[in-house]
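Below, chain A partners chain B and then partners chain C, in two separate complexes.
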Partner chain A sequence: MSILFLILSILPIIAGVAIKVLFIPASEGISVTGAHIFFTIDLPMGGLPITEAQVNSWLVVISLFFFCLFLTHGLKTKNISKRQVVAEWIVEKVEGLVRSNMGEFFMGFAPFICAILGLSAFSSLQSLFGLYAATSDINVIAGWSVMVFFLITYYKLKAGPLVYFKGFAEPVAFFAPINVVSEFATPFSMTFRHYGNVLSGSIISVLIATGLGGLSKIVFQWLPGKIGELELFRIGLPAVFSIYFDIFSGCLQAFIFAMLTMLYVSGGFPEEEYYKRKARKMAKQSN
Partner chain B sequence: MLEIAIGIILSGCALGAGIAMLAGIGPGIGEGQAVASACEAIGRQPESQSAVTTTMIMGCALAETTGLYALVIAILLIFLAPGRFVNILLEAVKK
Partner chain C sequence: MNSLDVISVNIWQIIISLANLVVLFFIFKKLLFKPVKNILAKREAEVMAEYDKATQATSDANELKASWEEKIKTADDKADEIIKAAVEKADHRSEVMLYESREKAESIIRKAKADAERERIEAQETIKQEIVGVSAAISEQIIGREINMNDHKVLIDSFIDNMENA
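Let's turn to the complex of A and B:
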């Protein structure tokens, strides 16, 4: 059973590589283009393009779903297996993170934060398989940021609309337009931070690979025959830079996105007013 | 004449991208100061290392934002703007 889940979690990545090989025309040299559009669905309000980034993020979702099933099926209380240890470690770490950053009221956020962390990190790590990383498309991250924006607004409205609109007139009413702008700047800055970091990493990786190819042509020109044409510097060296630009940067951006989500949601929540309102409602009900 | 016009467009886009990336100076100085202060704090209180590190990474990410805005604009100027501007020019010439 566990082997089945493991195979099912690896299968989407292989499917992604197969889709890329079959449907996307190969490009030569440096080409920084957007995601490839597979087909467009015609809708009344305009075409809905299904792009490479969307398909890749779906594949990550399926892969992570089966990976979680692999980690958590057949849980026991005694003689626990290694994968249960890993699953418990993940749950404990994320719950500790949420408890220390958001407080006890927001403990329900732990699965959501873990989902964001996993989706973002594994979407960035997709580029290791030569796939188009879903996070280097601005639309994917913009979708996540809009979702976080709605969450922030929902928790700000928890204490009633009056408190919410009063919050815009802080510290004086004169600042209201600036506060509205900063409200809408939050999703924008979250989007551009994640997207810019991942995209700049992938562009620098492409530049390094191309530059090393040109350099090895100059240096190894004198080697006879076919060996001279081989781009020897491109073997292994780009992988060293890729440790920072793909692995470290991708995981760090996932962590930062999750941290910012936690801080914005718990920071915008008016705790005192919420409990006051709750007490008032309880008093009304008892009357 | 058309070649000169296209050349001006391309050079303008390249120069604009270069000037936009001057914004990298600000985040560089800011992040450097943040890391320096974090190092001092850890030196004074080594037991608070994990909390200081997390806060520092968050602060660095926030300070980085302005630089990333400039980066996005520079990328748009290099990869997107030239083709679009040249198309506009060619359409204007056709008329």
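Let's turn to the complex of A and C:
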């Protein structure tokens, strides 16, 4: 049973590779483009292109869905399995992170933060399998940032609209336009930070691979016959750079995005005013 | 070219991505956090129950120990009491026995004394009679005539009394 879930959680990645091999023509030379479009659904406002990035992020969601099932089926209180240790470790780590960054009030955010971490990290890590990393598509990150923006605004409004609009006039009313701009700049900055890092990472990977190819052509020109045509520098070396640009950068950006989400949401939440308002409401109700 | 530009914003894709995140949030909430937290809570409850059991057992044992100690203490006291009572009883009884034996001895002595007295008186009486008889016979022989026993009784008695007193 657990093997089945594990296979089902790995299957989407294999499916992604298969889709890429079957439907996407191999690019020649250096080309920096966005995600491949499979087909476009006619909708107002530009239509909905079903792209590689979209498909890959769905594959990550499906994969994580089965991975959750794999981790959490057959939980026990005694003699726990390694799977359960991993599941408990994930839950406790994420909850610890949320608790230390947001406080007890926001403990419900733990699954959301976990979702951001998982989706972002695994979407970036897809590039290890030669897939198009979903996080290097701006629309994917933009969707998450919009969600975070909604959450920030929702929790800012918890203390009432008056407190929310007053917050823009801090420290003096003169700053109001700047504050409004910075409010809307938050999702943009989050989007471009994450997307830009991942995309630049994959562009640099491509550049390094190509550059090393050219370099090895120059250096090993003198070698006879076919050996001279082999691009020897391209063996192994790009993988070393890929460790930084794909694995490290991908995980780091996921972590940064999650941290910023926690900080913006909990930082924007006016806790004192919220409890005051709650107390006022309670008093009104009891009257 | 059948692919997007590097930067191409599409509102539908943004919405889909947002929905993906929300879906994954619910997946994690329902399938990872809820069961794991449930099992953690369950385990904690079990551990607490075990702790409670252990505390209960310890307190029970302590209670038992205290009661046994109490019992041992009272047993010592009881033994002391019993011994004391027995000693007292024995003392009492020995005293009673002593008293009784002394009484008995005294009564025996008294009886013996009384017997002796009575015998002495009897003997005296007998001796007196004999003396009277003998003195009468002697007087008869000396005087030569029969003495009227009854006439002289007073005389003789006074004589014997005098002898006694002398």
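Note that in this section the second predicted complex is superposed on the first by the 284 of 287 C-alpha atoms of A that agree within 3 Å, B and C clash if a C-alpha of one lies under 4 Å from a C-alpha of the other, contacts with A are read in each partner's own complex, and residues count from 1 in each chain.
Criterion: a contact is a pair of C-beta atoms (placed from the backbone, for glycine too) under 8 Å apart; a residue touches a chain by one contact, two chains touch by 3 or more.
The structure presented is a predicted model; accordingly, all values stated were derived computationally and were not measured.
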| task | Have a look at chain B and chain C on chain A after the superposition and call it: clash or fit. | result | fit
| request: Using the superposition on chain A described above, determine whether A:G267 touches chain B (first), chain C (second), both, or neither. | output: neither
| task | After the superposition, just quote the angle formed at chain A by chain B and chain C, using C-alpha centres and rounding to the nearest 10°. | result | 130
| request: Figure out whether A:L199 sits in contact with chain B (first) or chain C (second), or with both, or with neither. | output: both
| request: Quick one: classify A:G96 as touching chain B (first), chain C (second), both or neither. | output: neither
| request: Go through the superposed model and pick first if A:P111 touches only chain B, second if only chain C, both, or neither. | output: second
| field | Which of chain B and chain C A:S189 touches, first, second, both or neither | value | first
| query | Counting only touches as set out at the top, which of chain B and chain C does A:L252 meet: first, second, both, neither? | reply | first
| said: As a test of reading the superposition: which chain, chain B or chain C, is in touch with more residues of chain A? | reply: C
| task | For A:G130, select first, second, both or neither according to whether it touches chain B, chain C, the two together, or no partner. | result | neither
| Minimum C-alpha separation between chain B and chain C after superposing on chain A, in Å | 8
| Which residues of chain A are in contact with chain B in one complex and with chain C in the other? | 32, 199
| request: Within their complex, state which residues of chain B touch chain A. | output: 54, 57-58, 61, 64-65, 68-69, 71-72, 75, 79
| Touch list for chain C against partner chain A, complex | 1-29, 31-33, 35-40, 42-43, 46
| message | List the residues on chain A that touch chain B in their complex, please. | response | 32, 189, 192-193, 195-197, 199-200, 203, 252, 255-256, 259-260, 263
| note | In their shared complex, chain C is touched by residues of chain A numbered 32-37, 43, 45-49, 51-54, 57-58, 61, 64-65, 68-69, 71-72, 75-78, 84, 87-88, 90-91, 110-112, 114-116, 118-119, 137-144, 146-147, 199
